[in-house]
Amino acid sequence: MVDIDLPVIAINFKTYPQATGEKAVLIAQSCERIAKEFDVSIVVAPQAPDLYRVSRAVDIPVFAQHMAPGDPGRFTGHVLGEALVESGCSGTLLNHSENRMQLADIEASIRKAEELHLYTIVCTNNPVVSVAAATMNPSAVAVEPPELIGTGISVSQAQPEIISGTVEQIRKVNEKTAILCGAGIGSGDDVESALKLGSQGVLLASAVAKADSPEEVLKDLIRPILK
Amino acid sequence: MVDIDLPVIAINFKTYPQATGEKAVLIAQSCERIAKEFDVSIVVAPQAPDLYRVSRAVDIPVFAQHMAPGDPGRFTGHVLGEALVESGCSGTLLNHSENRMQLADIEASIRKAEELHLYTIVCTNNPVVSVAAATMNPSAVAVEPPELIGTGISVSQAQPEIISGTVEQIRKVNEKTAILCGAGIGSGDDVESALKLGSQGVLLASAVAKADSPEEVLKDLIRPILK
Amino acid sequence: MVDIDLPVIAINFKTYPQATGEKAVLIAQSCERIAKEFDVSIVVAPQAPDLYRVSRAVDIPVFAQHMAPGDPGRFTGHVLGEALVESGCSGTLLNHSENRMQLADIEASIRKAEELHLYTIVCTNNPVVSVAAATMNPSAVAVEPPELIGTGISVSQAQPEIISGTVEQIRKVNEKTAILCGAGIGSGDDVESALKLGSQGVLLASAVAKADSPEEVLKDLIRPILK
Amino acid sequence: MVDIDLPVIAINFKTYPQATGEKAVLIAQSCERIAKEFDVSIVVAPQAPDLYRVSRAVDIPVFAQHMAPGDPGRFTGHVLGEALVESGCSGTLLNHSENRMQLADIEASIRKAEELHLYTIVCTNNPVVSVAAATMNPSAVAVEPPELIGTGISVSQAQPEIISGTVEQIRKVNEKTAILCGAGIGSGDDVESALKLGSQGVLLASAVAKADSPEEVLKDLIRPILK
C-alpha cells in the first residue's frame, strides 16, 4: 500500500476547466511546490485522461477520481485499477457524491485497490454511511455532507458534530482508517477545526482548483499543519 | 470535425492487459506502422488514462472509449469532451454494449462532440436502434449484435442481413453518417464481406488488441481495402 | 394494440401524496367521470403498486409510469410488461425525464409492449431525440423540455417552435406515431395551442394530480377538444 | 416497526410467470396456509404491481422486492415507501443482487422505512459487505453469494463458513439485526444447516415460486423450525 502521510490535504480537480490538461499539470506543480517547501502532505486528483501527464510531472501522490471494480478484459470505457497503476497513480477516490457507487462495487474496488497497493478514499454523506464504509477497511473515509459541497460553508465549522460524531463512531469499529473532512473546506481555519475535531485531513476541490493563485490558498490551508 | 478517411478500421483496446499503459502505446504504434506503410485508415481507442501517452506517441487518430455528456465543472470521475481534446483525442466511441448510455445522453454527447470537433462512433445492437442513432447525426454508427461480440463469429458473415438491412434503413434517413460493422470481426474475409454489404469500415477489439502479433492480423484485415 | 382515441389527455400521477393509494383511485375516478360525461379520451398513470386497484376501479385506460425491458424470470424489483398486463394496464410511459432509459432498452421495451398489446408513450427532451424515438415506432412520443417540467410554463405557449418543429421532423420519418406535448401544461389554452401546433394530445402531472378539484381542472383542459 | 417472528422463511417471487398476477395470489395463499397450519413465520415478496392484490388476499406479511429512497413528489416510475404502505406492505427487500443499490441510497431507504414502520431486509454478497450493511441498522441482512443464486446449491451447505463468518462478524457490531441465509436454499436440510450456523431464517425464490406444488416444498422447508 502506498503510504500517505497524515494529516493530508487532498485536492479533487473535478472537471474544472482551470484544472484540465496542461492546466492540471500547473496546479499539481503548485501543490508539489507547497508540499516540498513546507514539508506537508498534499495529494492531487485530476481527471482520468490527465493522470499520466500529471503523474509524470510531479512527485506528490496522484489519485484518480474514480475506479471501477472488475478485472481487466471485456470492459469498454471503464477505468480499472490496472490502468491507474500504469498511469503512475498512488490511489483513488471512490463513491464521490457526484459518482455514487453500489455498496458491493465499493467493497470490490477497495479489495482490488489493496491488491494493487492503491490507497482508497471512500466519500460518504453522513456518520452512519461513514461507519458502514469504514467497516470495509478502505485507507480513508472522507465525510462530505452533499448539501455543503461547493458552498464555501465548511462542514467542520457549520456542522462540527458531523465530524466529531463520525470520528467517534468509526473508531469503535476501525482504528486504522484515516478520517478526512470534506465539503466547503476553503481556509486554514476550516482545516484547523477539522483537525481539532479528530480528523486526519481534508478533501477539497474548488477552493484550490479554481483559485487565481492556488499557492496562496494552499499556504493558508496548511497553516494549522505546519510542523 | 476531424476527418476520418473511409473505409476505416477502428480498434477498441477495451481493458485488455495486453493493451494497457505502455503496451497500449506499442499496439498503437503497430497500427500506425501498418496505416502508413499501406496508406489505410486505422483508428485506435485506448483506455482513458492511456489517451495522452498514446496520442503523443502516434500520428493516427486516437479515440476515447466513452465520453460523458455535460459541461466542465462539478463532475467527479467523469470523462468529458474537453479533457479528451486536451489529451489529443480526435473522437470517441459512444454507447458501447459494455457501456450503454441513455438516449438523451447520447444525443447530448454527439452535440458536445460536434462543438469540440470530435468524431463520434455510436455503437448499436440492431437495425432499428441503428436508425434511431443515425437520426441524431453522429459521425458514424457501428452495428454490433451483442451476442456476437468477442465470439470470433463475424456479423458480416454470420448475419449479413443485419448489415445490409441496417445500411438500407439508415440511408433512408441519413446519407452522411458512416456505417461500421462490429462484433466478431477477425479477418480480411470478415472485412471484405462487411464492405460488400455496404458498410464503410469495421470496429473490432480482441483480434488485434489481444494478438501475439497485431501487425500480422492488421495486414490480413486491411487486404480488402488496399488502394 | 390497445387503441387510444386521439386527441388524448394523459395524466402522470408521479409519486404525489395526493395521488397515492386510495387517493389514486379517487383521482382516476374523477378522470373517468369527465371522460364519460364529455366523451373525451383521458389516460391515467398511477404508481406501480396502485395499478391493480386503479384499473379495477375505472374503465378508462390505466398506464404504468415505467416498464423495464426483459423477459419474466430472474429479475427482482423490476416492473415487466407481463405484470402490467396482469394488473389491467393498457400501456406505459417510457423514458420519462425522471426515469431516463438506455437507448437499447427503450427499443426492447417498445418491442415487448407490442407483443403484449400495450400502448407506449416515449418521453423525449427535444426535437432531435423525439425523431430518434419515433423511428423505433412507439405508439406515441411526448416531447417534454426538462427545464419546463413542473414550472407551470407551457411548452406549447413558451416554446411553440419545439412542438411544431418536432411534429414536422417526426412526420418525415413516421406518419403514425402520435405526438404529445408535455411540460408545463395546465390549462385549456395550453392544450389548445398544443393541438394547433399539430400535436395529438398532452401529457401532464401536477396540474391535475395535485389539484384541489381535479374535475374543475380537467373541465378546463378538455375545452379545446370537446366534440 | 412491523414485527416479524424469527426464524422466518422469506419467499422472493421475482418476475416468475408462475408467480405473477393472480398466480402470485395463489402462491401467497399457499404460504399463508402453511404458516397458519404449522404456526411458522413466512413472508412473501411479489412484484410491485401485485402488492395490493396479494396483501388484500392474505394475512401473512407482504414485502416489496425493492424500495427507492426519496420523498413523495417528483419521481416517475419509482416505488417509494409511502406507496408500499398504502398497498398493505409490511416491509421490503433492498439491494437484491438483481437490483443493487448505491450505498447512500441503501441507508436512506432504511431510514425512510423506519419512519414508515416497514421491515427491511438488505441483501449482501459476502461477509464484509454484510457487516457494512448491518452497521446501518436494517431489520435484517440476507447473505447471498451471487454465484449460488438460482443454482440449487445451498450456501448453508456448500459454503457454511460464509454464514458462520457473517454471523460472527455482524454480532460484533450489531446484536439486533436478523441474519438470513440466501442463495440456493431449496430443502429442509438447507434450512436446518442455515439455522445451525447461527442465522435466523432464509430468503429463497425459485424453489417455492416455481414449484409445481409450493405447499409440498414449504412443508419440507419448515421441518427444522416446527415448534
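A, B, C and D label the chains in the order they appear, each numbered from 1.
Going forward, a residue touches a chain if its C-beta (ideal position, glycine included) is under 8 Å from a C-beta of that chain, and two chains touch if they have at least 3 such contacts.
Just so it is clear, the model here is predicted, and its values are computed rather than measured.
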item	value
Cα superposition of subunit B on its sequence copy subunit C - rotation in ° rounded to nearest 5	180
Distance between the centres, which are taken as Cα means, of subunit D and subunit A, whole angstrom	37
Gap in Å, rounded to a whole number, between the CA centres of subunit C and subunit A	44
Residues of subunit A whose C-beta touches two or more other chains	none
Contact graph of the chains (line, ring, star, complete, other)	ring
Pairs of chains, among all present, that meet the touch criterion	A-B, A-D, B-C, C-D
Residues of subunit D touching subunit A in the complex	95, 100-107, 124-126, 128-129, 131-133, 135-137, 173
Of all residues in subunit D, those that touch subunit C in their complex	12, 14-17, 20-22, 47-53, 64-66, 70, 72-80, 82-87, 89, 93, 96-99, 149-150, 205
